[in-house]
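Structure in structure tokens, see below.
Lettered A, B, C and D in written order, each chain numbered from 1.
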Amino acid sequence: MLEELKEEVYRANMDLVRYGLVIFTWGNVSAIDRHEGLVVIKPSGVEYEVMKVSDMIVVDLEGNVVEGDLKPSSDTPTHLELYKAFSSIGAVVHTHSTYATAWARAGKSIPVLGTTQADYFYGDVPCTRSMTEEEIKGDYERETGVVIVETFDNRNPLHVPGVLVKNHGPFSWGKDANEAVHNSVVLEQIAKMDQITFQVNPETDMNSHLVEKHFNRKHGVNAYYGQR
Amino acid sequence: MLEELKEEVYRANMDLVRYGLVIFTWGNVSAIDRHEGLVVIKPSGVEYEVMKVSDMIVVDLEGNVVEGDLKPSSDTPTHLELYKAFSSIGAVVHTHSTYATAWARAGKSIPVLGTTQADYFYGDVPCTRSMTEEEIKGDYERETGVVIVETFDNRNPLHVPGVLVKNHGPFSWGKDANEAVHNSVVLEQIAKMDQITFQVNPETDMNSHLVEKHFNRKHGVNAYYGQR
Amino acid sequence: MLEELKEEVYRANMDLVRYGLVIFTWGNVSAIDRHEGLVVIKPSGVEYEVMKVSDMIVVDLEGNVVEGDLKPSSDTPTHLELYKAFSSIGAVVHTHSTYATAWARAGKSIPVLGTTQADYFYGDVPCTRSMTEEEIKGDYERETGVVIVETFDNRNPLHVPGVLVKNHGPFSWGKDANEAVHNSVVLEQIAKMDQITFQVNPETDMNSHLVEKHFNRKHGVNAYYGQR
Amino acid sequence: MLEELKEEVYRANMDLVRYGLVIFTWGNVSAIDRHEGLVVIKPSGVEYEVMKVSDMIVVDLEGNVVEGDLKPSSDTPTHLELYKAFSSIGAVVHTHSTYATAWARAGKSIPVLGTTQADYFYGDVPCTRSMTEEEIKGDYERETGVVIVETFDNRNPLHVPGVLVKNHGPFSWGKDANEAVHNSVVLEQIAKMDQITFQVNPETDMNSHLVEKHFNRKHGVNAYYGQR
């Protein structure tokens, strides 16, 4: 079942390695079939070199395994929480990519300082609050998703397609697995650029009109970037 | 038409990927045929892996498409403004390369601190002023070119073959596409070196006689570097 | 003798190069056969490109060469000291990997600031004290091991599978050579992340409940990460 | 003539690219035949991809071309000055490698903070003083060599096989071309490590007994590192 989606999720997981965002088993991608209400996700702790398309796990939105011989990623409940709260997203990516993870450890949102960020993120990439002892000792992975959703409050998740989980690392998403991976690459790149930027000038900032211009020329109703 | 120039522009665009200056579609190269008054430029938002020589677009200096099925780069009006103002240049390159873009986000010119820079840039690499709300909401990409030209004022663009557009990223140029790409590699490298240099010693500077010596041994009337 | 262990130690040494932790001859891996009381270790100063499985040296716990035509790594006495003091470990790795070595030169322990570290290290990665003139002029390599063991005091070496030797570099270990190499990759990665983290926010810290949660979901009695 | 030395110098030049120390034409290696009093050096400004063994130039110690159709490296007079002053060296390397060049731009010597440096350099890697207007406008490349020699004063050049030329970049040397390239790799690596080290702890230092121990276990009369 969902063979096409499994293929897409498999390839997206392998792309994380290709883009240098993941070493060992430190990442996972899932995608949802909204019509069936089913999610395809990477198995837990399986090495990328030996992983196959047929290892992808199908779970329902309550986390029950519907198909697959292996255990799904331990982060599955976080992914499911995001699918339930953000109805417009089709895929979720989690990595421990170096610079985005460093910002998450620092507990700081990544401020928008350039058009590279504004081309994809309509503002800062937010960092969640610290999780409480109760959340950590409770249903931890699900609570991680709850804290992400709380952080987004009124924001459109497709306008800010990523987040930093404090002391943990980045999650990103998109309309499909390919776009979610694309956004995880962008997130790592802007995390790196911003760290360097602040070394050069800790006082810099960016005009909000320029943020608006760049986001809208790619994503607004009158977008004119690309071949559309 | 202009088959040789298309080939040159195509190869220069691919070189940006090879030199690690561009991921996804974050860069573009153009070159001008001064005799015909026509510019060859990369199409907008096309992936490098699938791009072909025949995808290159020919535009006139007013930005009208003269040949090509695709839309030209959304940055085309910036390139055209540079060709109009800088009559000695034959090609323009734009990237979001990591370190040069970080300096642009920081809003800081890259000071000349070593011979690596002086071999190509006769002084600092300037950063433009912030663009105004009117410029951003108006003919934005053309205004970007106007602000670059304003920044150069009385300087010879072949003596300082690059610029940082504030909160955006670097543009570079040269006599032909190959030289323009070469200068974009140099610009990224000196942006990286200067960031590290200031970490080691924020108070350092460079003797202007040494700048002059190195620029002129490569580019002066009595140049003696290389096989000429 | 110990052909399987030699193969394992050889491959682990080559992996250090593959993971970018070692240039030239700047690293070594050993593994112990606890039943035989024998250690297999890399020869001293042999280039990785020409090294063969049969070049691996077998020594006893007093450092006597039991098999092999070459001299064992000059760091052999350090490895032996660790095997004697830490009875649960099966392999030891030493590298001069860039970021971990920089923290060692800085004389600073690597604080736990994120789950990437807590997934493998149950707390900070400690840095040893400076060695004394007597230790350096005496049986230096053995004393290096003694200082590491002193640093661990009451800690379980499998809960903190690595250390920084001040002004020198990292040592790591594990149940077998593969795990010890894995931990040396993790150690380099968290050293890099922490350096960047402190650039972004020198005041950051991490909730100890989150450290406990992540270490135990991988290594505790009720571990649920991976396919077990 | 000197076919073996030409082959060695050619390979050493190509190794600079392989080790990531050189882009474009930003580096050069030479080696001397002390018996003949002749030096083999890379031609000026020739791309590495097209360079051949037969392009290597033979010059005498006064800089006269003895064999070769191309112009020798513009840095040839610097190399010759080092061969004249340092009778124990057999080869010289110059690069603009990123971190070593950044320290040169910063005008700072690289302090010895770890055993990675002490294994090759018996102390700091010195940085030259600024060159005067007269030196720069005069016989510039020869004067660069004179300033390096002045910086070394009473030091043994094989005990400190490299230097930073202020606002320029590193030169290194060794008994032969292979060792000189090896030392240029070490110099770049310790420049990188020290920059990171000072970010982590600006107050760190290193015990001189440890420097002595490490230098001598590799290079002293009772050296025991490696297979000798």
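As a working rule, a contact is a pair of C-beta atoms (placed from the backbone, for glycine too) under 8 Å apart; a residue touches a chain by one contact, two chains touch by 3 or more.
Per UniProt, the chains are A, B, C, D = L-ribulose-5-phosphate 4-epimerase.
These numbers come from a predicted model, not from an experiment.
If you take chain A and chain B together, no chain is in touch with both.
At the far end from chain A, in terms of centres built from Cα atoms, lies D. When the CA atoms of chain A are superposed on chain C, the rotation angle comes to 90 degrees (nearest 5). If you average the Cα atoms of chain C and of chain D, the two centres end up 33 Å apart.
One inter-chain figure worth recording: chain A and chain D are separated by 46 Å, centre to centre, where each centre is the mean of the chain's CA atoms. Those residues of chain A in touch with two or more other chains are numbered 198-199. All chain pairs that touch, listed by label, are A-B, A-C, B-D, C-D. Here chain C touches chain A in the complex through residues 113-116, 182, 185, 189, 192-194, 196-201, 204, 206-207, 209-210, 213, 217, 224-227, going by the rule given at the top.
For chain B in complex with chain A, the touching residues are 23-26, 43-46, 70-71, 74, 96, 98-99, 101-108, 130-131, 133, 136-137, 140, 167-169, 195, 198-199.
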